[in-house]
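Each of the next two complexes has subunit A plus one more chain, namely subunit B in the first and subunit C in the second.
And now, the complex of A and B:
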């Protein structure tokens, strides 16, 4: 009898193709689940429009016919509708990124499958990356559709300014953003029932990003903190490219370079914080407890 | 041999109150176990206020809000907090009991169902009152001025508005029993609709005419309008949707009729769910 020769692979170590397959299986599973909740998808389109409508209507009521003129003097653009719509669309992408990662962890905890993920040979980073890709595709499409519908309702041209540069700011902003979502993940792992904290952080994000106002109206200390937050650069970059509100460093490539720095720093910080909390939880109560 | 016919025990008023108080105490105890929630909700309020204040100031030539603008925004925001709490909390709590698997057990006990429903929102009203007071103070500090007139009359209107929204809360709880998980998305959509049609963060005049016509059909929108106009001492153009007399009538009738109608709808939905055996399903 001849011995069967197994493929040359260390047992328990999946190859790159298997890892990528697991990642896309996660994306598919999550998209399939959300496709069953059409109301949620509709909400995602309505939310940015309603969020933007409130300051727009307040502004019209406050400044009347001079709304554009006053807004131009205070922010650098007369297109306050575009300013608010871009702000709320980017906010929804950012906020969803944090919530989707946090909810994914919490959901796995509650359904009792988080510990199983740790026991499978597929590294959890690939499952998390799958959630990240799912979140990006879901919220980017939703935000874009909301921006188009909002622009149509409020009568502005959605395609103005330098669209390619705006796209680059979104693209390069997503990587540090998902790096930072690991901080949210760490919070959920540590606190478990962290809904109130996550709600609070959602509004902190809204404030720091300057969703409805330029961050220059904030006190100097708050501006400094806001500039340490990558989505602030992302929002301002998109607005500057499309509406000409002005880059923080006057030229688009300098602002984009800052986002490049965050592309390295934010994931490193996120991974470090997540691993630290994860190790502590695994040493103590275990990741399965909720 | 005589057959024994079981009679449904009727709860006395004292027993109804006892059930109500026991439920309120239970909810307060649960709430007190999450101190982080308390702190987080306070800071959240502060940040929301700051965001809308700064957004409003980008349309100001002087960097200061007028008394009229701050009155509209602050009182609209307070009404939004109260109405949101009252509208959705009852439905969400019923859903929560369903998911936890305790709703069916509650129906097996002889305790008053009405008291149990009301108790779910009472503790929140206490907390929301405190938050409203805090938000008014914060906004006053940030915006500079805030008109406060006819406080007693405004509180009188607030009671009727809350009674009416309790009624909508019952009706929403009835809907929750029917549509189950979809209730979450519906609640979000209704909340957004109320934010806009109830003009919580801006005057009704900022809405297009066709939207104002829809607002005129909504009693809670009249409630928002009357409450803030009263506190602002009815400046020219306020109330915006109808005269003071008309809005007062709408608000009082809403406060008296809606709880009865809402509770009737809830009982019907509950009866339907019990007949179908779907009370515990989620």
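And now, the complex of A and C:
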């Protein structure tokens, strides 16, 4: 045998530390790449403000001075400005977290680097997680800044209610989203297409999670579907903690427990589906073609 | 075990759709590999030779675990590509689709560091190995410039560097000189040879350029339509053509000349290709001088104008021609319409 040394003792069976290290190397690589495309962060700050401004102004125009009164009767808070700013800020975090695996896969397919990743012994789920950590941190900072600026412009106090609980809802909400984003990524891996579906789903999610209105004004069937969707619990949790619109199960910890359940189930389902699709794609044309 | 490849009866069928207008399509299967067997030994440079569409990339993608075979098996470094895919990935260095496999927005070094991480090097080892590769390939100042600013030769060199990052005993290179000009291509081949001779790395090298396989490889397998036509030492393959003489005739040669020449008793094979815009007829015959006179006569009869006649040594290209009746420049397969 020649004097070749292999990089690891049991080839292809990395320990958890090696996988976490690969994950954070992905975060770093992603940061470096995006820092070389300008204008991304600005886009992420401006979007939620504009998104929230539309219904706020519409509300003022149609209901005039009575806007907050009507809103109070329907939602439990008169602060419709805060309601919508929170809704759109959470929406930005959610939609970004929801699409990032799909977007990332599409991008790597088109640049041709996806096969390079598949050639390495790091499982793609960890690369996806690294991408997720990076992109979620970025959109969370963006959404938060947007919320602060939006509050200043609209003249409301951004810090109301129970901020810690609001934060918990965001944190717990993001993990089930990672599972859902893997499901969606699996679809993109199979169909090699993201845009048409992404656009459609964008509005379905927007509608279901109640960005601009409480889901209680929706028909019962739609409410039921909306509640199967973790971001709905996340948005409502944040609004309840900050504006007191009311939890679905009355107490914050019940709602948070529901998110806990999603937090375990969704990633398991996501990883399972992603691996399944990967194998079916490898059995046919492979991940490199699009 | 390390540095070996054993392929047994590998087949691969792609299931695609043949588009018929806007909405209609019908299923269409492409048998890209039809039972390929190979045995690559430790420390050799093994050439996979075949025209466009022969199935080389398909085979390489199965060996590198990007695709699963339809039937058959393959073991690399002793690991099975289906059941032990992660061990295969960890112990093989691949260069596929050239420079497309790199992050163009990152620098050369950043690319190497990132892939080092994906191969599970510790941060310190990553740095050390990236620097080793940079020095080995003489990348110098280039290493800290973003890849998009590289020339295509420099990009290919870095792509080769990426294949070296995990210091694997086995390298798989799919047409690494594809987009390179002549000097860059020979530079890259020299580095491949050096890795083979100095570090004992086994190399699988695909190409559709015969001369490249001849200069670089000890053994080659010729593949066409997903099947192995021949395999063995380059010299053996050539001598397998036996007493054949090869004559190349350049000039203005009508297509019907091929049939006419083939009718001559001593001629075993004739193909018409073109070199630098001039038609070139390659003729294999049993006896050289006797046939030459009759060749010239026959070509005169079909209205050909001969400008140059070169008797030649047998090349791998001639082996291919003898087996298939085609030159390598001709494509194997009808285009399936598959978007690549």
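Here, the second predicted complex is superposed on the first by the 279 of 290 C-alpha atoms of A that agree within 3 Å, B and C clash if a C-alpha of one lies under 4 Å from a C-alpha of the other, contacts with A are read in each partner's own complex, and residues count from 1 in each chain.
Everything below uses one rule, namely that contacts are C-beta pairs under 8 Å (C-beta built on N, C-alpha and C of every residue); 3 or more make two chains touch, one makes a residue touch a chain.
All values reported here derive from a predicted model rather than from experimental measurement.
A.B. asks: Once the two structures are overlaid on subunit A, check if subunit B and subunit C clash or fit side by side.
C.D. replies: They fit: once the shared chain is superposed, the two partners occupy separate space.
A.B. asks: Once the shared chain is lined up, is A:70 touching subunit B (first), subunit C (second), both, or neither of them?
C.D. replies: It touches subunit B, and subunit C stays clear.
A.B. asks: Figure out whether A:117 sits in contact with subunit B (first) or subunit C (second), or with both, or with neither.
C.D. replies: second
A.B. asks: Students often get this wrong, so check: with C-alpha centres, what angle lies at subunit A between subunit B and subunit C, to the nearest 10 degrees?
C.D. replies: About 80 degrees between subunit B and subunit C, seen from subunit A.
A.B. asks: Now for A:13: first (subunit B), second (subunit C), both, or neither, which partner does it touch?
C.D. replies: second
A.B. asks: Scan A:37 for contacts with subunit B and subunit C and give back first, second, both or neither.
C.D. replies: both
A.B. asks: Rounded to the nearest Å, state the minimum C-alpha distance from subunit B to subunit C in the superposed three-chain model.
C.D. replies: Comparing every C-alpha of subunit B with every C-alpha of subunit C, the smallest gap is 6 Å.
A.B. asks: Do subunit B and subunit C land on any of the same subunit A residues, and which?
C.D. replies: In subunit A, positions 37 sit in both the subunit B and subunit C interfaces.
A.B. asks: Contact residues on subunit A for subunit B in the complex?
C.D. replies: 37, 39-40, 42-43, 46-47, 50, 53-55, 57-63, 66-67, 70-71, 73-75, 80, 191, 193, 196-197, 199-200, 203-204, 206-207, 211-214, 217-218
A.B. asks: Which residues of subunit C touch subunit A in the complex?
C.D. replies: By the definition above, subunit C touches subunit A via 2-3, 14-16, 42-43, 61, 64-68, 70, 77, 79, 84-91, 94, 96-97, 100-106, 110, 113-115, 117-123, 125, 146, 162, 166-169, 199-201, 338-340.
A.B. asks: Using the touch definition from the top, list the residues of subunit B that touch subunit A in their complex.
C.D. replies: 34, 36-37, 40-41, 43-44, 47-48, 50-52, 54-61, 65-66, 69, 72-73, 181-182, 184-186, 188-189, 192, 195-196, 199, 201-203, 205-207
A.B. asks: Any idea which subunit A residues touch subunit C in the complex?
C.D. replies: 1-8, 10-14, 18-19, 21-22, 25-26, 28-29, 32-33, 36-37, 111-113, 115-122, 127, 279, 282-290
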